[in-house]
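So that we are looking at the same thing, I have put the structure below in structure tokens.
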């Protein structure tokens, strides 16, 4: 195994959003030891023997369809959720400015009405798919070159798109490249981002429910080049708790009759999810998990409502109605109050570190040991959080032993 | 392996209480197929290949310090928690009467004020410890003989006693028998019950926090005779959820700052726990679990309050305050609303079935694979519900394979 | 004032439903003193000086579109929510049978798809509106005659219909009668029930959100005959709490930013409300109340979901996000767990008793002092529960003084 | 009526605490219009016709037993609860410094162990009661003189002391003065503060549960000099909700069986209340309210636990178990998450403004119309929040009319 020791690029789709801003600012704070490592899985005791990249080695860039500088984005976050402790934000102001300089115009091709409403025309790439793809690739090449990056990982942290319809061209890398060449009207932004990433970078993390980023076609391209990847849809809050609690009912043979989940949130994320077209992608992932864990399908309702005053402080109420001995009915309810970007950002950093390790170890393709991070883990039929976590720690132990 | 096929006795300390009544009535309902097997772990798919005793083979008896017939006990439960569906209770009325005939006077030696207040003098054994032990053993011998029982398992389902002080005689079987002979003033009821069980039965389940039932001394006696056993303190509600959720925080390196648990309940159980002396035993078990799972000690408060109107419908509110990325603080709270006897009874039945299997398999001593059932699993340093459950299913798989 | 002393008829639209069954059974239990008077406002100390009809004087009848006997309906309630204590249900079995004999076929004219799906053809009136109206009136006349009733009150306890479109004929009694004569295609069942009630009975209570029961046209007919009436939509659970709590925020000048209300319920009621067409009527009433109390409109979301396993045990989670001193944001959340029919039935009984008093006192038309009972009190621009209650007690004091 | 137009002093006992700091900083922010008037009752529409003092007229001073400058206190608050929006704190930094200069050493005579542990010796007055009283009076005189204050109001915002034992000298002003002269060992700090206030200021607000501040003796002194006053124990959070919700149950004749309230908080307040001696005073006020509103005494448990991580973000879970029609049992539970100082500070400011109005109007003695602000309103047998509020608005209307 030959570990990389140089700089590592993290290229974020949605680089000016709340998650990206928290990730960029937070990584710089970690590098300067302004904060401790709470929330980072890869900083747990179990991971201490692995050679994972230090925080100071990361360089950030990305695509976005808005112009708001990261500093302004960070101030807005600070004013609402107070995510950055004390004077830490001021201390890394210049770092945000440097990252700003690496952000390039993105696009919203067929991303759905709620996302298109957010874009600023001058921050958006125009033209035909093949030209756009060329530009995206060029952006990635320049990022790598300019910063002499040993590796580049692409992270999709964009807003949630409507579900992706099936189409033959989405099944193979070849098909996708031909569709792009033919300027197929059905192409989505995430597919172009995915293709560019597969052709230019070392690893791909799809933190969104947008399957196009890692469609079978994109996965095909990635596998062909030996790129590592994993997705879809980061498991950060209500679904995390669901996947931790549902097994308990199964263990005790307590039959779940109904599991209702009501999610309320503000922010840009909430705004996009307020549109039923967009919401559908997220609800599918939040909803399917139960049946896969339990082996049967209780009444399951998941709702997401847009409540501007909550900003990024996502709140969820879940009510679980279940049947025990003699058919007796009982209930469990919980309220989760979490700040979304704060929950999501460290997971992205964890996964980039693990992807870098996978590259060091010469792995290629799907990183199934990262299933614990996702609501709909690619190619993994296991949603039980505990099984997923032990799969990760098994990998870690084995990697540490081989080292 | 030679499976037992005859009748199996379940001898319950606290045989007229809510848990015992629910267990006895429920088992008879299961035997007559009046209810389905919800809540019974041993009826899950994972256990389907094991040869476990059918419900019709169980015969019930036990000790208690009150006279209330089981039928009256069952009617009182039905009037408050409606635990028995439809006409099922009437259908097994005669069975309760037969079980009633097997219940013998118990005792409350040094059990603490709240338990002593409950006893009825004519249902209580008097005299010196050695005489009492003789009587308890005689009761068990007669129970076995009268019903031609192939096996007898003793289950402690009595009320919660104050914590047990250390004493040298509690360390070895020999020491305990000498203390009994010497009529030591410090002896507790649960130690006499434990000694009688160890000397007369095939297995012991300590569902209470009363450690004396399976003190090192009692365990020594049991091991010497090849008796199987496990304890302490059934994990039925709030602590069950705690042991399912705490690992989730550990996985994500989310630092728990404070975990508060408020338990409210009525019933005889609540009445005894209203006394701080008695409550102490339970709180210790509910409280210690966190530190053992997390590896550090957050602020942890567990309270139990007596609220008569709730009857057996135990309610718990837990508030978890935790710190994530960048030191940001968030919270999770849950309300558990469970009927205590309904949650506890199937666990006892599960464990007796598993204990019977252990006997079939020629096992002796501590049944560590049953740790998932307990708040303070004897000799097992593992409180993570998921690890405990997988330990049980590993055992089940191995037992099925060997069969 | 001349108080009635004879028998009083309560004629229920939806006479076989959960609310009606609970009301009929409960009143008979009260008459036989099998239960105490919890939940009945008119049995509070404040009402003790009023001459209100005793429970034994009530005779029940009504319309329904299903055949299920009341006894079966009551058994189904008992099996799910255990609403009837001990042996009380058996004790009044014969009374349910007598009431059964007074129930006549109803109809579902333009009531919306979810209601029409419930009806049984042989329990449904067919034919043109004018013929149907004649039959309804005949039913009421026979009920009064057969039981020698001194007074008859009609209560609408039917399922929730979609909102009622405006139409000129709904504005005056004359217009409605002409539309019926002309067999207008737009006529709704509730308008025919309302017309029959206005023309034949002494008082009308509209416990449903179905405005047609007390449209301006029906009110006109009622006023012309001196019939007393009040509606719409009984305030039983989540909205009751909302109207008690919202004033607190106003008092303290705490600015409500968002108030979210999620209602989950099973039962026939939940089944009908699962249809968005039907749900719309209820949500409008639950939602509007906030703005009327506060004087401004916060983000307000009200959802109702159908969860069969809950049966009649309606559960609601409300989250209130508010701003205090210095713009600081805080929250209050509550979970209401109430059994709908148990909450609704006594309100109906209270209102019939108060309507009877109003008749004794020679009052006519709208009973505005009953606003405290309704989500959308007819002709009363006041939704603050406390103001509404004091309006009722002012009336009670004044009535007691005049007596 | 002759309105004051000059400067108004607010003298705070506990002037460096969280409540005082929030009050002082917030008032300066209001004066400079950096924040709006959310949370201030006296800025509601109902009060718009009254001539109440503008925020710029207030001057702050007080006693405390600690040295921490207000600016540091404010920074600590900002770091934990983020109570001060944006750059507002910096904008009023110099104002905090001026207020700092007006704070004099206090004392903790017989205040209980938890308060005594907080004091810094050099910030504490020593010596015999009569000397201390002289000093306190001198401090107040100098404050008035130095700032040419037209009026001075004393507000007790100190920590919670243990309940005050009865003693004859506490019954009359004369008795208290003699006890002070005789250096009676039983005298409490709050009694000396109260005596000084009664002898030197224009109004007294006792925001604490410490009755000695407005014992019958102090009230006697205050009445003799025409000082206006009101207390005890500001109603800010859980008890506020309780007093808003309990009437709802009474209106509906829903019988409350049990009302449990669990309060968790950090901060200095929580630290003092962690001591059972101190907690007792608060629990008594929180607990008594129910019986006074309902007219009967349900099972009522109130607990307060110290949870450092919560800082000033007080959280309370209340569970209400109640009985409705036919004796059926249901429940309501709520979780209140409020920042204590943010809730309390505006109430103090409201009351000082109202006290100033009372002085303008020539009133003397007890301000019963301010009962809505208190958990244990002095001399007012009414705890129903709604009745209390209407009493206040009746006063406001009448004051506006007479003006």
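Note that the chains are named A, B, C and D in the order they appear, and that numbering of residues resets to 1 at the start of each chain.
Going forward, a contact is a pair of C-beta atoms (placed from the backbone, for glycine too) under 8 Å apart; a residue touches a chain by one contact, two chains touch by 3 or more.
The structure displayed is predicted, hence computed values, not measured ones.
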Q) If you tally the C-beta contacts, which comes out ahead, B-C or C-D? A) C-D
(Q) Using Cα averages as centroids, what's the distance between chain B and chain C in whole Å? (A) 49
Q. Distance-wise, how many Å sit between the C-alpha centres of chain C and chain D, to the nearest whole number?
A. 45
Q. Which chain B residues sit where two or more other chains touch them?
A. 82, 85, 333, 335
Q: Once you've mapped the touching chain pairs, tell me: line, ring, star, complete or other?
A: complete
Q. What residues on chain B touch chain A, complex-wise?
A. 22, 26, 29, 35-41, 43-45, 81-85, 88, 240-241, 244-245, 247-248, 250-255, 295, 323-328, 330-339, 342-343, 345-346, 372, 385-386, 389
Q: Give every residue of chain C touching chain B within the complex, in rising order.
A: 79, 82, 85-86, 335
Q. Okay, in this complex, where on chain A does chain C touch?
A. 257-258, 260, 262, 264, 299, 301, 303, 305, 307-310, 315, 317, 319, 321, 329, 333, 335
